[in-house]
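Okay, so subunit A shows up in both of these, paired with subunit B first and subunit C after.
Moving on to the complex of A and B:
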C-alpha cells in the first residue's frame, strides 16, 4: 500500500502539472482525468475505498464530462491553441512559479519538519462512512442537497439563451 | 488520545506517514494556485481550481487515515458536492460570457473595471 501511495502521488503531481500547463483544452482535460484517477488510487491506498470509488464515478466521470461538453460547445479549434500559446509567453511563467514555489516550499518545510505520525493501516469501509454521513452529519447532507438544487437552478438560468 | 508515534512504531506498521500525505496535498494545492495565476483562459482556470480542490480532499483523507475514522471521508463527499455545484454554475457562466463577448480571456473581460 505504501508503494501504491507514493507511485500514485507521483502520477497525480505530474498529471496535475501537465493539466494546468497544456495549451490544448482537451489534452489538459485528459491529463486532469489521469490526475483524478491517481488521486483516487491515493485514497484507496490510505484506506478510503468508498471515496476512491466516488472520486472515479462522480469526479472523473460526471464532472469531467460536464467540462468536456462545454469544451466541445465552445468549439476550440487550432486557432484557439495558437491563441493559448500567445497567452502563455515566457515572462508570464515567472511570477506564478515564484509565488506557488514559495507557498509549497514553506508549507513543505513546516509539514515535513514536524515529527511524523503514521497513518492507520486499517481501511474504513462504506458502512462506517454511511453511518457517519446519516447520523452525525445529517444536517450537512441536507445542506449539500440544497446546494445541489441551487446549483441546478442557477446553471439552468445562467445557461439559458437570452 | 495522545499521539504515540515513534519511528519504531512507524516502521512496524509500514504505513504512510501523515506528513507525506499532507505534503502531497500541499503540492497539489500549490499546482492549482499556480494554474489559476498562470492561465488567462477561464476554462483552464476552472480546471486548475479542480486540482486545488483535489489537494484539499487528499488532506482530509490523510487526516481520516491518521485517526482511523470516517469523518474525513464524509467531508470529502461534501467537497465533491461543492465541486459539482461550482463546476455547473461556473460552466454556465463561462458559456454565457462566451456567447456575449466571444472571448474567454480574463484580461479582456474587464468591463467591471475591477
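Moving on to the complex of A and C:
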C-alpha cells in the first residue's frame, strides 16, 4: 500500500505539472484528469475507498467533463496554442519555479524532520463517512449545501429569459 | 478466495464471458429487430446466420486502420480504449455467481457509477480529437445527454442503496432474498432503465450517432479496429447495465432450483430483450425534449422517490 501511495503521488505530481505546462487545452485537461485519478488512488491507499470513489465521480467524472464541455464549445485552434505558447516564455516561469521549488524543499525538510507516522490506516467505510458528515461536520455540510443553493439560484437567474 | 491462479482464472472467465455476450448481442439484436419488423435479418452465414459475427469481425480486422491527418493523434487513439477499458473493468463488481463478484468491493455501486462517468471521456475525446464537425456535434450531444442522465441514474440507485443499507452489490442482492427491489422500488427501476438507455446511447436516445443528421456522430472518423472498439464498448455497456439492473432490482442470481449464474443470465437476457424491443418500437426523440425529460421529469421523480424511501427507511428502523 505504501508503494501504491508513493507511485500514485508521483503520477499526481507529474500529471499536475504537465497540466500546467501544456499549451493545448485538451492535452492539459487529460493530464489533469490523470492527476485526479492518481489522487483518488492516494486516498484509496490511505484507507479511504469511499472518498476515492467520490473523487473519481465528482472531480474526474463530473467537474472535468463540464470543463471539457466548455473547451469543446470554444473549439480552440492552432492560433490559440500559439498564443498560449507566447504567454509562457522562459522568463515568466523561471523565477516562480525557483521560488516554488524552494517552498517544496522547505516543506520536505519540515516533513522529514518531524516524527514519522505510518501511512497505513484502517479502512473507513462509507457508513462511517456518512455518520461523520452528519454529526461532527454537520455545519460544514449545511454551509456547503447553502453555497450550492446560491449557485443554483444564480444560474437560474442568469439562464431565465428576461 | 484462494491463490492467485484461481483469481486469474475467474478474471479471464469474467472478461471472456462479457466480451462473448457483447459480441453475440450484435447478432441477437439484428435478428430480433428483424423479427419485430417482419424481416429475416442476417440468416445466410452459418446456422441461423450465427457466423455473421465472424464475417463482420474479419471485415473489420482487415480494413485500413486510418488516422486522419487533421486529427489530434494521442487523444484520438486513447478515446476508443477508454470505452472498452471502463466497460470491462466494471464487470469486476458484478455478482454473477453464488461466490459473489470478482472483487467483493464495499463501494461496488460507486465503483460502477465512477467508471460509467469516466466512460463519457471516450466519446468526448473522440469527438474533439477527430477535428471534424460531425464528430464534434455528436460528442456535444453525447456529453450533454450522459451527464444529465447520470444524475437520474445515481439518484435512482441511491434509493436502492438506502433500502439495502450497503454499497456492496453482493449485500444488495442478499437483501433481496425474499422480495426483489423491483416490487418495492418500481419507480427507481424505471428511472434506472431509462437512464441506462440514455447512458448507453441506444435508441430512442441515440442522438449522438443519429445517422441521418450527423453521419455517425462522434465516431465518424474512426475505422477498422478503433471503430470496432466503440461498437464493442456500446454492447459492453448494454450487458453491463442489464447485469447491474439485475443485481440492484431483480435480486441478482436469487431464484429457486436453478444455479445462481443461470438465474442471473435469464434476468439479464430479459432486460436486454426489453432494451432491443424499445429500440424496435420507439422513434428517436428530439434533443430538446430529451434534455427537458431528463432534467424536468426524471431527476425530480428520482429525488422524490429517494426522499420517500429515505423517510420510510428511517421510520422503519425507528419503529423496529
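Here is the rule we go by: the second predicted complex is superposed on the first by the 150 of 162 C-alpha atoms of A that agree within 3 Å, B and C clash if a C-alpha of one lies under 4 Å from a C-alpha of the other, contacts with A are read in each partner's own complex, and residues count from 1 in each chain.
What we mean here is this: a contact is a pair of C-beta atoms (placed from the backbone, for glycine too) under 8 Å apart; a residue touches a chain by one contact, two chains touch by 3 or more.
The structure presented is a predicted model; accordingly, all values stated were derived computationally and were not measured.
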item	value
Touching partner for A:63 - first (subunit B), second (subunit C), both, neither	first
Which of subunit B and subunit C A:132 touches, first, second, both or neither	first
Partner chain in contact with A:73 - subunit B first, subunit C second, else both or neither	both
Subunit B versus subunit C as contact partner of A:82, first or second or both or neither	neither
Residue contacts on subunit A - larger count, subunit B or subunit C	B
Touching partner for A:54 - first (subunit B), second (subunit C), both, neither	both
Subunit B versus subunit C as contact partner of A:30, first or second or both or neither	second
Touched partner set for A:109, first subunit B, second subunit C, both or neither	neither
Doubly contacted subunit A residues - partners subunit C and subunit B	50, 54, 62, 66, 71, 73
Subunit A residues touching subunit B - in the complex, by the definition given at the top	1-2, 5-6, 9, 12-13, 16-17, 19-21, 25, 28-29, 32, 35-36, 39, 42-43, 45-48, 50-51, 54-55, 58-59, 62-63, 66-67, 70-71, 73-74, 84, 87-88, 92-93, 95-97, 99-101, 103-104, 107-108, 111-112, 114-122, 124, 128-129, 131-133, 136-137, 140, 144, 147-148, 150-152, 154-159, 161
Of subunit B, residues touching subunit A in the complex	3, 5, 7, 9-10, 13-24, 26-35, 37-41, 43-44, 46-48, 50-51, 54, 57-58, 61-62, 64-74, 76-78, 80-89, 91-96, 98-99, 104-105
Residue ranges of subunit A in contact with subunit C within the complex	24, 26-27, 30, 33, 49-50, 53-54, 56-57, 60-62, 65-66, 68-69, 71-73, 75, 125-126
Of subunit C, residues touching subunit A in the complex	72, 74-75, 78, 105-107, 110-111, 113-114, 117-118, 120-121, 124-125, 127-129, 136, 139-140, 143-144, 147, 150, 154, 167
